[in-house]
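Read through the structures below before going on.
Both complexes below contain subunit A, partnered by subunit B and then by subunit C.
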Partner chain A sequence: MQLWQNLPLVMIVLPLMCAVLCSVLRKGAARGLMTGLSLFSGLSMGTLLYLVAQRGESYIYVMGEIGAPFGNELRIGITECLIGLLFCLVLICSILGGWRRLSQEVAENRMHLYGSMVCLLISAMMAITFTNDLFTAYVFIEITTIAACALICSTNKGRTLFAATRYMIMNLLGSGLFLLGLSILYCLTGHLLFPQIEESVTALLADGRYAIPLALACVLMTMGIACKSALYPFHTWLPNAYASATPTSSALLSSMISKMYIFLLIKIFFRAAGSLVFARGIGDILFVFSIVGIILGSVDAIREHHFSRMIAYSSVSQIGYIFLGISLGTEAGMAAALFHILAHSAAKSMLFLSANKLREVSGDSDAFRDIRGSGLRAPLAGVAFAIGASSLVGIPLLGGFTSKVFLSQAGIELGGWRMVTLLLALALSTALNVAYLLRTTMTLYRPGERYPLTRSPLVKDKPFTAAMLAMIAVNVALGIWGGQVMDLIYKGIAMFN
Partner chain B sequence: MLQLLYEHIDVVVALALFGIGFTQLLLNKNLIKKIIGFSMMDSGIYLFLASYGYIESRIAPIYVEGNTDPSLYVNPLPAGLVLTGIVVSVSVTAVMLGLTVRLYQRYHTLDIDEIAELVRKEGK
Partner chain C sequence: MKKHKSDALARLKNWLEYGDDPLEVEMEEALGEEEAPPIPAEEDAPEWEEREDRKALAPKKEKHPLYDKVYRIAAEVISLMLIAVLLYAAVHMPNFGGADTLVNSEVSAFYVENTLEETGAVNIITGIILDYRGFDTLGESHVLFIGICTVLLLMSIKGEKDEEQRIFEDAYDRHFEPRHDEILQTATRILTPLIVVFGIYIIVNGHLSPGGGFSGGAVLGAGLILYQNAFGYLKVERIFTFRTFKWVSACSLLFYSLAKGYHFFTGANHLESGIHPGVAGNIFSAGLLLPLNAVVGLVVACTMYALYTMFRRGDF
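Take a look at the complex of A and B:
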C-alpha cells in the first residue's frame, strides 16, 4: 500500500481533532482553523481524485487490520472523490461568502464553537462519503444532525431556536427509522459492510426467504433518509431552518448536509441492496414521491412571499429531481442523480449567499418589494443570483441544464409510463421554475422606491467577491464541461462494484 | 398466531416500544414528552438488536480458561452496536434538552404549538 492511500483516514480524523481544538481557541484563531481545514480538505480531496483517476480503480482501506467481514472499511473511488470535492468547494465558498454576516450574527463568545461544529461537519461529511459500513454511516449521520442543529441555532434568536428544534425532531424521526431499518437488515444478513450485505441479500432473494422483512428494512431506511434530506411530504422543517439560519449555515445545510444523506442512500441502493429495492417496487414508490415533490415544491415556492423562504422551497423541488434519478434504478438514472447533486449544490449555495447580500443592501428585509433594485445596489450578487436561478431553471451552458438533459435521457432510455411521467413533470416543473426564479431575478433589476439604485458601500466585501466568482466559475464549468464530468461519473460507477 | 407472538415476544415488545416512542416524538406537543418518546424509540431498537444478538445456552464472548471452542460464545458485534447507539442517543438527548431549556427560558412554555404561535408573533 502506498503512503497516499492513508489520506482518507487523515481527512476524517484531522477534522475531529480540530473540532476539539477549536473549542478552546479564541474567536479569530478558531475561524482561521475552520477555514484552513476546509481548504486542506478541498486540496486533499482534489489530490485523491487525481490519484484514484490515475490509478484507474478504486481501493478499500481497511481500518485496524481487521478485514471483511467483521472490520470497518473505507472505500475510495472516483464518485466519492468527485462528490466530496464539490462538497469541499461549497464549504469553502459558504464560509467565505457568509464571512461578514457570520461575524455579525454569531456572538463573539460563540464563534469558536461555531468553528468546532463546522469541523465536526467536515469530518462527518468525509466519513459518510467514504465509509463502506452501514453502522459507521449511522453514527456520523447523528454527528451531522447535532452539528447541523448547532449551526442553525448559532445566532441565538427565538426564530432560529424554534427552527432548530423542528429540525431536530424531524431528523430524529428519520434517524430512528434508519436505525431500525439498519438493525433489521443486520439481523437478516449478519453483515454491515456493503459488499457482504449485497451478497447475502442476493442469496436471500434467490431463496425467497425473508422477502417481507427485507423489503421493510429497505423502506425504513429510505424513509429515514427521505426525512433527513427533505423529500416532499417530510419537508416541513426545511423552510424555517434554511431561511432563519445565518447564510453560511443555510448554504451548508442545503448544499452539503442534505446531499450527503442522499449520496449515502445512493451507495446503499446501488452497492448493498440494489437487487432488493428495484425487485420489490420500492423504486416505483420513490418515483411517485419525487414527482409529487418536484411539482408541489415549486408550487409552494410560488406561493411564498418571503425571499429566502422561496429559495428554501425550491430546494424541495430540486431534491425531488435527485430522488427521481435514483428511483429509475438504472445506471443512467443514478449518473443523472449524481450530476444533479453537483449542479444543485453549486447553484443553491450560490443562491443563498447572493440572496443574503441582496437582502443586506435592502435593509435586511425579506419582502419582495424591498429587494427591488438590489441587483443594481450589489451588482455581483445580482449576477450570481441570476446565474444560479438560470441554472436551476435549466438555461443552456449552466449545470442545471446539463443535468436535466441527462435526466430526460435516462427516462427515455427506460421507456414506458415512467418516461411519459418524467418528461411531463420535467416540462411542468421547468415552467414553474421560470415563474418564481426568473420572476425574482427580474424583481432584482426593477426600480423600487425605498432604497437608492446606486452601488451600496456594503458590497466592498472581499471574501464574498472571491466566493461568488468561484461559485459562478463552478456553475458555468459544470454546464460547459458537463459531458466530461459525466464521463468521470460513469467511470466512478463502473468502479462501484 | 398467539403462539407466534409469544415465541417472538422480544421483537413484539421492541417494536411496540419503537411505535409508542415514534408517535410520541411525532405527535406529542410537549417538548419533554417528545424527548421521552425519542428515548423510548431508541431503546426499542436497542432491545431488538440485543435480543437478536443473544443465543440461548451461549455465553458472553469473554475468554475463560479452557473454553477455546468458539461455538460457546455469542457474537460480540450486536452488543457493541447497542453500546455505540446508546452513546449516540444520549448525546442527542442532551442536545434536545439543551434546546428545550433555551426555548423555555425565552417563551415560558413547553407546548410546541404555543411556541410556534409566539415565534410567529415575534417575527412581525
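Take a look at the complex of A and C:
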C-alpha cells in the first residue's frame, strides 16, 4: 500500500478533529478553520481522483487490522472521488458565496458552533461517499441529519425554527425507515458490508427463501432515502427549509446533503441489493414516483409566489430526474443519474447563492415585483442566475442539457412503455421549467419602479464574486466536456463490481 | 379568435412597454393576503399573556373541513397498512435464535473465537464496538457531541443578555433552588459517592465485564445531575463549569480521534502498532480499549449534565 492511499483516512478523521476544535475556538478562528478545511478537502479529493484514475482500479482501505467481512472498510474508486470532488467544490463556493450573509445572520456567539457543524458535515460526506459498509453509512447519516438541522436553525428566526422542526420530523422518519430496512437486511444476510450482502442476497434469491422480508427491506431503505432527499410525496419539508435558511446552508442542503443520500442509495442498489430491486419491480414503482415528482414539482414551482421558494420547489422536480435515472436499472440509467447529480448540484447551489444576492440588492424582498431589474443592480449575480436557470432548463453547452441527453439515451436504450413515458415527461418538464425559470430570468432584467437600475454598492463582495465565477466555470465545463466526464463515470461504474 | 389574438397582442405591447404583468399582479395580491403581523423585536418580547393575544391576532388558517377529514382518514389508513405489511413480513422472518439463520454465520463465529486473543477484551461486545467496528463507534461518539452542539446553538443565551440582568436572573434562579431539602440532601450525600464509584467501575471494567464508556458515562452524568438538584449550581460549579465541560469533551474527543486514527493507519498499512492486548482479565490490558472507554465515559457524562443544564437555564 502506498502512502497516498491513506488520504481518505485523513479526509475523514481530520474534519472530525477540526469540528471538535471549532467548538472551543473563537468566532473568527472557527470560521477560518472551516474554510481552510473545505479547501483542504477539495484539494485532497482532486489529488485522490487523479491518483485513482492513474492507477486504473479502485482499492479497499481497511479501517483497522481486520477487513471484510468482520471490520469496517472504505472503498475508493473513480465515481466516489468524482462525486466527492463536486461536493467539495459546492462546499467551498457555498461558504464563500454566502460569507457576508453568514456573518450577518449567524449570531456572534454561535459562529463557532456553525463552523463545527460544517466540519462534521464534511467528515460525514466523505464517510458516506467512501464507505463500503451499510451501518457506517447509517451512523454518518445520523450525523448529517443533526448537522443539517443545526445549519437550518442557526439563524434563529421564528420561521427557520419552524422549518427546522419540520425538517427534523421528516428526516428522522427517513432515518428510522432506513434503520428498519438495514436491520431486516442484516437479520437475513448476516452481513453489513456491501459485497458480502450482495453475495448472500443472490444466494437467498436463488433459493427463494425469505423473499418477502428481503423485498420489504429494500422498500424501507428506498423510502427512507426518498424521505431524506425529498422525492415527490415526501418533499413537504423542503421549500421552507431551503428558503428560510441562510444562503450557505440552503446551498449545502440542496446540493450536497440531499445528493449524498442519493449517492448512497445508488451504491446500495448497484453494489449490495441490485439484483433484488430490479427483479421485483421496485424500480418500476420508483419510476412512477419520479415521473410524478418531475411534473408536479415544476407545477408547484410555477404556482409559488415567493422567489426563493420557487427555486426550492424546482429541486423537487430535479430530484425526480435523478431517481428516474436510478429506477431504469441499467448502467446507462445509473450513469445518467450520477451525471445529473453533478449537473444539478453545480446549478442549484449557484442559483441559491445568486438569488440571495439579487434579493439583497432589492431590499431583501421575496416578491417578484421587487426583484425586477436586480440583474442590473447586481450584474454578476444576474448572469450567474441566468446560467444556472438555463442549465436546469437544458440549454445546450450547459450541464443540464448534457444530462438530459444522457437520460433520454438511457430511456431509448431501454425501449417499451418506459421510453415513451420518460421522453414525454422530459419534454413536458422542459416546457414547465421554461415557464418559471426563464420567466424569472426575464423578470431580473425588466425595469421596475421600486429600486434603481444602477449598480448597487452591495455587489462589492470579493468572496461572492470568486465563488460565482468558479460555479459558472463548473457549469459550463460540465456542458462542454460532458462526454469526457461521462467516460470517467463509466470507468468508475466498471470499477463498482 | 380575433379577440384572443388582439388580447395577446395587447399583452405583448404591455410587456414591451414595461407595464404590469398580470401574473405578477396576481402574485402580489396573493402575497398581500399572506402577510403575517410583524413579529415584535427581541427586546420587547411580550409576556406570556400578551403572547396569547398575539396568537389571536395571527392570521386565521383557512379551514377545509372535507380536506382535513380525508387527510386524517388517509393518514390512519396508510399507517394501518404499513403496520399490516410489517407484521406480514415479520411472520416470514427467520426464527429468532434459530440455528440455521444466517446471522449465526461465520461473522459471529469469528468474533466469538478471536476477540479475546486479538483484542484482549474479555467482554466481546467491547472488543467488537471499539476494535473491529471502531469506525462506527468513532462516528457514534461524535453524534453525542453534535447533539450537544445543536442544543447549544439553539438554546445558548451566553452573551445575549447584559451583565446586570444576568446576575439578577442568576440570583432569581438560585432563590428557587432547593437548598434546604434535608431528605434529598442527606440521601444525595450518601448516594452520590456510590453512584460515581459505580460509574467509574463500569467504565474501567468495560473490557472485562458488561458495561463500557457509554453506560458508565450515563451513570456518572446522572450522579452529577442528582448532586446539582440537591445542592444547586454554586456547589457544582466548584468542580464543574462550562469551561470544564468544553475542555474535557474537546480533549476526550480529540484523543479518541487521534488514537483511532493511529490504529486505523497502522492496521491498514500492516505496521507494528506497539499496542499489545496484555494479560487478559487484568484492568490494564486490552491495549487501547481501556483509554477509549475512559474518554467515551467522560464525554457521555459531560454531555448528559450539559443537556440537563441547557434545558433548564440555557446557560451554565
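The working rule: the second predicted complex is superposed on the first by the 497 of 497 C-alpha atoms of A that agree within 3 Å, B and C clash if a C-alpha of one lies under 4 Å from a C-alpha of the other, contacts with A are read in each partner's own complex, and residues count from 1 in each chain.
Please note the rule applied: contacts are C-beta pairs under 8 Å (C-beta built on N, C-alpha and C of every residue); 3 or more make two chains touch, one makes a residue touch a chain.
None of these values were measured; they are calculated from a predicted model.
When the shared chain is aligned, subunit B and subunit C each come close enough to touch A:V139.
Once the two complexes are laid over each other on the shared chain, residue contacts for A:P69 go to subunit C alone; subunit B is not touched. Look at A:L113: by the touch rule set out above, it reaches subunit C but stays clear of subunit B. In the overlay built on the shared chain, the residue A:S183 is in contact with subunit B alone; subunit C does not reach it. Of the two partner chains, subunit B is the only one that A:L172 touches; subunit C does not reach it. Touch criterion not met for A:V383: it reaches neither subunit B nor subunit C.
By the touch criterion defined above, A:A19 reaches subunit C but does not reach subunit B.
The partner of subunit A that touches more of its residues, comparing subunit B with subunit C, is C. Contacts of A:L469 after superposition: neither subunit B nor subunit C is touched.
Once the two complexes are overlaid on the shared chain, A:L458 sits clear of subunit B and of subunit C alike. Applying the stated touch rule to the two superposed structures, the overlap between the subunit B and subunit C interfaces on subunit A comprises residues 70, 135, 139, 142, 146, 149-150, 153, 158, 184, 186-187. Put simply, subunit B touches subunit A in their complex at residues 18, 21-22, 25-26, 31, 34, 38, 41-42, 45, 48-49, 52, 77-78, 81, 84-85, 88, 91-92, 95-96, 99-100, 102-103, 106-107, 112, 115-116, 118-119, 122-123. The part of subunit A that touches subunit C in the complex is made up of residues 1, 6, 9, 13, 16-17, 19-21, 23-24, 61-66, 69-72, 107-110, 113-114, 116-117, 120, 123-124, 127, 133, 135-136, 139-140, 142-143, 146-147, 149-150, 153-154, 156, 158, 184, 186-191, 200, 210-213, 216, 305-306, 367-369, 443, 446-447. Taken in their complex, subunit A has these residues touching subunit B: 70, 135, 138-139, 142, 145-146, 149-150, 153, 158-159, 161-162, 164-165, 168-169, 172-173, 176, 179-180, 183-184, 186-187, 192. Taken in their complex, subunit C has these residues touching subunit A: 18, 24, 27-28, 30-31, 34, 39, 85-86, 88-90, 92-94, 101-108, 110-111, 118, 131-136, 138-140, 142-143, 145-147, 149-150, 152-154, 156, 158-160, 246-247, 249-250, 253-254, 257-258, 260-261, 263-270.
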